[in-house]
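Going by the order they are written in, the chains are A, B, C, D and E; count residues from 1 in each one.
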């Protein structure tokens, strides 16, 4: 059997006196599609941000694709990694944010080509060719020259996905990518992600409140509560026959609020 | 048969070159519960804002409870109403906003008592008594002395409902009152509104994307598209057997996005 | 009798006043350059120097902002020579203006940079840009346009404070006007002309500012 | 031997004039700032035009010119002010013009949503301003008001132009009498800084008072 | 107006404008106003039945506008009589007379003895009060504008001379002497009087229209000159009563 591409080992994350992740461990296999669900404040976003190196960890280890993320070997012991190491590790990971975080001063095409040209030294022509393929994939080839402010929320988010894909990461992180969208615009983004999930063998971690989509998309669902994985399993099992009391309560509330599961 | 409490007659609303409502007419009977649904930008919010006199109209007439809203008789002709007339008409109408719009510098109780004391000259003691009844009704009697910033979104919205009710309007307008809430907090607000709908004979107009709730709540559903009422009818008919192509497409999209109908 | 406006006198003093206008504009222009550079130094020291340096800078900035430019000018011009620094009047004036307004510019820089949303830094990191790349391609292009109106405001304020330079013998507009007034005993014409000049210049600048604000307000909508 | 204690006394006398100018100027500035700031938001064209003219005029012309007019030109139209009055008038109207923009900005920052809530609750314009908008706008104005007060304090240094014996002027006198430049100017620099520091302390205290209970996110 | 003196008697004091240029006018450590000009004015007003004077310190340039604007009742500040000034205000008979002097570096390295010398030496810079007699004399002698530095006050002038920013600082003889003695700097010397520069005298200046008050002032001034009290007041300051008595307003205002 293959090695896990992500191995999270007993990590601790604190904000001042608040312990958000308290000895969390988990593994993700290459190509796996994971959905992280759970109540507000349970640490779902935090774990994605840690993987993207947007936060630091207080304890524990994370291994990505066989290499330590936050540490490097020095002689026999592991010491905290420097910026250069992080920079190299980030090549493997891409992230799409809840609020898109497009670069508002650059047109759609430049948003997508900027990072490949700067970080990989790809020539403009090649970068633009690839960017147009990606924009075509997300259905926005005709918006290449638009500014982000001229796009709807759903279009922005699709550009953000194309931008993250342009770096060809092995792992993609999605943090509630539809929750800032108008209901009618949700579907166009989910369609892109469905296609992505079925057509590539990228590893994907998805935080979402769209239970229906989590169900269709994920190979495995992790239910978080208070910085711990309370329950995990196949979508059918988690959504239809949750074992844990807390999972049951959570799903009941969500269903009552009008979301399909 | 009774007279309609709201009679909208051929109104036109423009924003610069954009015509948002183009000759819209509709009537609402006293005590009726109406749900306004339709795609983004179709003018649902606009019609509520016009009824609340937050916008002006470019043409047409609106009659509320037998009186012209935006016009007064002068001799034989109708002339635009002055601020005094609007002030009198607003007594009949209350509105709850998507983003609550609570007064952040006043405690919950003061949010509810402020308007009755200022606009109706009710004494503090009487106003507070009534406010506590309303807060009790929305389940927040124990939060009377809290500041809005200390409340969750659902609690804020329930306070906003109590605040609007404190003026005892004949007509209540709700504009997407749950769409800014975390999914888990939606239900508590909807519960309050269900109770309100069943216990009072207030006339209510509700704009929502929660199709399930619209279904349960409304006597009649109006489907808006591009500033026009495209289809209207009983909730069963609209949701289960929409006649118009546009209604069908819209409902399909919403369902696909994971909303229960 | 003094209230009578004398056009002939106006034309007679105009060339002298224009000499003053030239110096006023020159001082403003040079002062602005110094302020822009010193402001950047202050901002960097305050935001990213080691704590003691940052704190000392913060105090210096507070001190300079809390005391009148006039007194600072006296200091630069009359006290510094005691320790061997003897600056020509215009240079002393430009440095005084530059340091004083540099503290304001520093605040604008800081606010401009802090106003770039955290999400932009994070997106830059998620797309694996290096720090210098993040500054050059993501942060500064977004931080600078909103600064322009605020910086221009201070430029106008500085322009209106140039009359202070007369205290250290710079023959700018106000000094020329006073000199004319003193030797002719007529205050109304020279002082009114100075007022009109400042008013016209700042009305023009206000229009220019509005244009700038409109021009640079467009870059947003995240 | 130089009688420093006497000269320090002279500077302190000047400091008192500076304090008076600052306090009275700030009071005047505050009043006109609200009048003009709210005037600019008036429904009435004439009021708006008047407020705008005042603001642009006083922000546009230099404080020096304003002082000269208040002191040397006003008497010709029959208004003779004492130097202190002229100083307070010029400084107050000058800083008030800047303050007016602060008032306007803060009131406008209390967004549309709050105004709309007021309309929906049927409050009159006056009630909305008095109970909802101003109480929320005030905390937004205070920091800038503090800065304006410090600008006014610094502005008092130029009143020596109209024979007002403020701190800077007295420092000049001391300098002329003693021949020392460093000591009088260093003394007043420190005094100015202390005054500015007291103003910011006071403002911060005020800010804490008016924002009490308002911590956390806006609603 | 005609009743000005009556008004002053009623209010009990006269408002005078002074500079702060010893020995013409001076402010003590206690804030008390002295100097030859205010002392003479105080005494004369007392005799006119106005018991006190209230002095406000003013820039030279602001004095005449202040007088015209009704801010002062008189200027007693060593403001020398000159034809243009005589046209703007009503002067009393002469009170304090003085010639012009230069303060310059020890040994007078540039050999400057007159305003003309300064004009002829392209390196020489002169400092003088803005709008004052000295500035005018320098400009009239042909010193270009950029070599006539407008200096705000005496102390600044001395400082600039010491710092080498200017080569010569010009004021009336007694003012220069006072400054130089205060500066106590062995590297400064005085050239007095300046060659070719006239002797000037000041008088108390009144607003045009207040000639009645001025005339009353003149009557008392003449009596004091007669009795020798005048000399007693001004001579300790270094002024010559003889000089003031040997000329007249008429002559000084006509001089060109």
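To be clear about the criterion, a contact is a pair of C-beta atoms (placed from the backbone, for glycine too) under 8 Å apart; a residue touches a chain by one contact, two chains touch by 3 or more.
Being a predicted model, the structure only gives us computed values, none of them experimental.
Visitor: Give the chains in contact with both subunit B and subunit C, ordered by label.
Guide: Under the touch definition, subunit B and subunit C have A, D as mutual neighbours.
Visitor: Sort the other chains by how far their Cα centres are from that of subunit C and give me the top one.
Guide: Following the centroid criterion, the farthest chain would be B.
Visitor: Which chain has its C-alpha centroid at the greatest distance from the C-alpha centroid of subunit A?
Guide: E
Visitor: Using CA atoms for the superposition, what rotation angle relates subunit A to subunit B, in steps of 5 degrees?
Guide: 175
Visitor: For subunit C and subunit E, let me know how many angstrom lie between their CA-based centres, rounded off.
Guide: 38
Visitor: Between subunit C and subunit D, what is the separation of their C-alpha centroids in Å?
Guide: One centre to the other, that is 20 Å.
Visitor: Between subunit B and subunit D, what is the gap in Å from one C-alpha centre to the other?
Guide: Centres of subunit B and subunit D (C-alpha means) sit 45 Å apart.
Visitor: Using the average of all C-alpha atoms in each chain as its centre, how far is it in Å between subunit D and subunit E?
Guide: Going by mean C-alpha positions, subunit D sits 38 Å from subunit E.
Visitor: Residues of subunit C that contact two or more other chains, please.
Guide: Residues 2, 78, 187 of subunit C each touch two or more of the other chains.
Visitor: For subunit B, give me the residues that contact two or more of the other chains.
Guide: Within subunit B, no residue contacts more than one other chain.
Visitor: Would you mind listing the residues of subunit E that make contact with two or more other chains?
Guide: 65, 159
Visitor: All pairs of touching chains, please: list them by chain label.
Guide: A-B, A-C, B-D, C-D, C-E, D-E
Visitor: Taking the complex as given, what residues does subunit A use to touch subunit C?
Guide: 52-54, 83, 87, 90-91, 93-95, 97, 99-105, 114-115, 118-119, 147-149, 163-164, 167
Visitor: Report the residues of subunit B in contact with subunit A in the complex, numbered from low to high.
Guide: Touch residues, subunit B against subunit A: 39-40, 182-184, 186-187, 190, 209-213, 250, 253-260.
Visitor: Which stretch or stretches of subunit D touch subunit E in the complex?
Guide: On the subunit D side, the touching residues are 3, 6-7, 9-10, 13, 71-73, 75-76, 80, 83, 161-163, 165, 169, 172-173, 175-179, 181.
Visitor: Touching subunit E in the complex: which residues of subunit C?
Guide: 1-2, 19, 78, 81, 86, 88-89, 166-167, 169, 171, 175, 178-179, 181-185, 187
Visitor: Okay, in this complex, where on subunit C does subunit A touch?
Guide: It comes out as residues 117, 119-120, 122-123, 125-131, 133, 137-138, 141-142, 219-222.
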